[in-house]
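One structure follows; several queries about it will come next.
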Amino acid sequence: MSETRDRAKGPKTRQTELPGIPPHETEPAPRLPPLEIPAPGEYDDATQKEPVAGPPASLWSDAWADLRTNWIFLISAAIILLFTVMAIAPQLFTSANPRECFLSNSLVRPSAEHWFGFDLQGCDYYARTVYGARVSMSIGVTVTAFAALLAVIMGSLSGYYGGWVDAIIARLTDIWFAIPTILGGIVILSLLGTRGFFQVAFVLIILGWPTMLRLYRSSVISVKEQDYIEAARALGASDFRILSKHILPNAIAPVVIYAAITTGVIISAEAALSFLGVGLQLPAISWGLMISGAQVRILQAPHLLLFPGIFLSLAVFGFILMGDALRDALDPKSR
Amino acid sequence: MVADGQLLEEQQIVADISGVNFDPEAPLLEVDDLHVEFRLREGVVHANNGVSYTLNKGETLAIVGESGSGKTVSAQAVMGIIDTPPGYITKGAARFRGVDLFTLDEEERRAIRGERIAMIFQDALTALNPVFPVGWQIAEMFRSHRGTSRAEARKYAIELLERVRIPGAKERVDSYPHEFSGGMRQRAMIAMALALGPEVLIADEPTTALDVTVQAQIMELLDSLQGETGMGLILITHDLAVIAEVADRAMVMYAGEAFESGTIDEIFESPANPYTLGLMESIATPEQKGGRLIPIEGSPPDLRNIPRGCPFHPRCRFRQEICVEEEPALRELGGGRASKCHFAEEVVKLDRS
Amino acid sequence: MGRYLVRRVLQFIPVFIGATFLIFALVFMIPGDPIRALSGDKPLPQSVQDTLRQQYNLDEPLWKQYVLYLGGVAQGDFGEDFRGREVTEIMGDRLPVTAKLALYAFVFEMIIGVAAGIMAGLKKGGFMDNLVRISTLAVISIPIFVLGFIAQLVIGVRFGWLPVSGLREGFMSYIMPAMVLGSVSLAYIARLTRTSLAENMRSDYVRTATSKGLSRRRVVGVHALRNSLIPVITFLGVDLGALMGGAIITEAIFNIPGIGNAVYQATLRQEGTVVVGIVTFLVLVFMISNLLVDALYAVLDPRIRYE
């Protein structure tokens, strides 16, 4: 290799002039950042950005810029917004009272005045369907929020500290995973006397947080290896500060995506449990209960099944679509 | 047996049978005014803008440049592995033994790929399939291209592993890529590329992912294999020091074009281009100990937006008015030497003592 | 590889104990009289209550209750219903029915799911890709019971192509319920295959395989696919759990006398002992199948064998 060194000797003093030609100062061209040539098949990632030293808060602003123009995101956001408003203020959608039922109206078909007709008890079905949004949305959001909170807290501890804390939590989640959700839900709920909103929500939170925890934990584990975390630690930041200010914004992306999808899944799960008779009980207004009630008269009055079914599917669809849109924006691998 | 000078002669017969008339007198590989662009959302990337080079039998050509210079793209174009869309070859030819590869159909190109022209890549860990044993992947060349039986192919695979000096080849032929060390993996990839006795081997940054000591071993292996087989070798790299001993000729690329070409001695001892000069100076040497490192100021240009005039002018210390206005032609300096610079003659004559 | 499996089996035991204890504790730790919880609002004759108390050793401390219960499970005793019929007997006739249903659903979802996923994954952004993306989203969104009813109404009643209820027509009776049961999983499998394949097609080793001059069919069908299916296989382990839950709903809608239906009926009749017994059994099945999937995963991905 010394031969190479000989060959590659630079001049002792670095020349900046060509003999015989006077130097001439001109404006340098503006500097543009270097562009990596994509390898075959990688062209979607052609604008892979250089890893930035420091927490890439730009991930979120980039994501937002993408999302704003992404029609999938906009449609899903519109659907979710629709149901949120429906849940908070059902009066905006219907003036009828869902609990005002007259048996004389039993099973009347949909008409121009009463869009969804009436159910077995003679209640305005449109009103009931609209009011049903409240239960579904609130269960979906509540369960997801609490499960996410639990998952973030325990996932932080588990991922960041590792060791026996992690081992215990890992075993616990293993145990949880051994019990399929619907089965576990059926077992627990069938044994409870009263099943109101809190009981059902509680059970769903208990069954749901392990998945989110695993997700956040592995995210924390990969983020904590990053250089800027080392840097923060070297600067003397406390563990809590590191976890909340540095790790959280960067590790939370998969949880956000999953939270959107989970909300849809929870709404579906509550409906399934109510349908089976182990979820909410009458007189609660839940789409699952309504569909359960529709079973008996399904041939005579398919509209009893159809309308809550459509609303339910649409609500779930909105959340899952949102999850997809978020994934496209936030997950660098799928770009 | 596999891949020695004799087999190369035999293969010429096989190639003729596939219907294509190769010219035994023509240079092994001749890339002529190659233009490649990638049409992306963010703009059109001009990856290759008139690249030309020639490779003869038994010759080692080094293609040198920073990342983004387009060196890998020209090799991918020759291999025919550029995804279209978004990559398009807009102009130029790549002649293998006189036949322009771009005029062949996909089946013919596939017959040539792996058999006549082979390529190895930078990171053998990701370049090899993780779920199949290494020997299986090597044997696949024989099974797929020649219809060899599994048992025979496995034998050939073991022979190849021995040829690239992997100890215990018989035991390791069924091991998986992740069970090998970096250097061993790279040797295995070389074995796979050489399986069918190709006439041209393109090595894209073969040592960049390896430790320095292993780099030397791999380079030495490539050198000796080339001596045995007489194949043409193209070494693509950004690291000049690595190719200094092995290469015969070199081509320095910048912004998708050839900025300088010549023999290794010429390029190292008297560069004819300010960019090459800068590359030479930036190699750290023991004499500089205690002093400052001398990089080239600035960064390579965005290939969507190549500067007017000479692409290097924003970073060139010798920059003149003409450099900003007018793009220099690739000037022949005699004896196979060429440089893309308005002041090539002056740069060559710089006293570098 | 052997070490990996042994480790997995060793992990299995504490998890199994934990899971069954969890179910047990939930049932018997609910404040109030556990007998009440097990039987719901229906008053039970004193004799039955006494029998239950004795069977579940309710006079003993909780941990002892559990150990005795576990001992019973190890001997194949999963409890009894209120008339003294053993849970294992109840499951006896129904197990093959559910097993068949699950098997058909499984085959259906695998074949169509993987095929759709491959077609979508090969041409990202193409027509097939968008079609698969949207249709799988729609299928996942529609709850399985809604899907089941719609299938019944449209395919069964309106067009009369397939039977809607019971098992009277043998194999034909299984078709619609199996398709409904497998539908959601099919959607997940299609999406997973699509993403996995698209990702693998961009990998370095696919580039190498192409450079080797292999046919496209071989590059995709052998090299890319083998790697792409690995996450799908791991999904299948989880899938069984979803199938179990789905089976309960599907059997209820299509009136199929399987285990799922047994659980459903038991919840309606508030027979807690049967519910607990069957669910414990199902959890056991689920865990064993996950173990098998882990083993299969190690066979497919050689990198895992050394963890």
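Which chain is which? They are A, B and C, in the order written, and residues in each are numbered from 1.
As a convention for this text, contacts are C-beta pairs under 8 Å (C-beta built on N, C-alpha and C of every residue); 3 or more make two chains touch, one makes a residue touch a chain.
For clarity, every value in this text was computed on a predicted model and none was experimentally measured.
Student: Ranked by contacting C-beta pairs, which pair of chains comes out on top?
Tutor: If you count contacting C-beta pairs, the leading pair is A-C.
Student: Just to be sure I understand: the centre of a chain is the mean of its C-alpha atoms, right? Then which chain's centre is nearest the mean of all of them?
Tutor: Answer by centroid distance: A.
Student: Could you state the distance in Å from the CA-based centre of subunit A to that of subunit C?
Tutor: It comes to 24 Å between the two C-alpha centres.
Student: When the centre of a chain is set as the mean of its C-alpha atoms, what distance in Å lies between subunit A and subunit B?
Tutor: Each chain reduced to its C-alpha mean, subunit A and subunit B end up 46 Å apart.
Student: Which whole number of Å gives the spacing of the CA centres of subunit B and subunit C?
Tutor: Comparing mean C-alpha positions, subunit C is 53 Å from subunit B.
Student: Among the residues of subunit C, which ones contact at least 2 other chains?
Tutor: Only 203-204, 207, 210 qualify.
Student: Could you list which residues of subunit B touch at least two other chains?
Tutor: 81
Student: In subunit A, what residues contact two or more other chains?
Tutor: 39-41
Student: Across the complex, what residues on subunit A touch subunit C?
Tutor: Interface residues on subunit A, with respect to subunit C: 39-42, 44, 171-172, 174-175, 178-184, 186-188, 190-193, 264, 268, 271-272, 275-278, 288, 291, 294-295, 298-299, 302, 305, 309, 312-314, 316-317, 320-321, 324, 333-334.
Student: Within their complex, state which residues of subunit C touch subunit B.
Tutor: The contact residues of subunit C facing subunit B are 203-205, 207-215, 218, 223, 226-227, 230, 300-303.
Student: What residues of subunit C sit close enough to touch subunit A in their complex?
Tutor: For subunit C paired with subunit A, touching residues are 11, 14-16, 18-19, 22-23, 26-27, 30, 36-38, 40-41, 124, 133, 137-138, 140-146, 149-150, 152-153, 157, 195, 199, 201-204, 206-207, 210, 241-242, 244-246, 248-249, 252-253, 263-264, 266-268, 270, 272, 275-276, 279, 282-283, 286-287, 290.
Student: Provide the residue numbers of subunit B that touch subunit C in the complex, in ascending order.
Tutor: Checking each residue of subunit B against subunit C gives 79, 81, 110-115, 118-119, 121, 123, 126-132, 140-141, 144-145, 176, 178, 189, 192.
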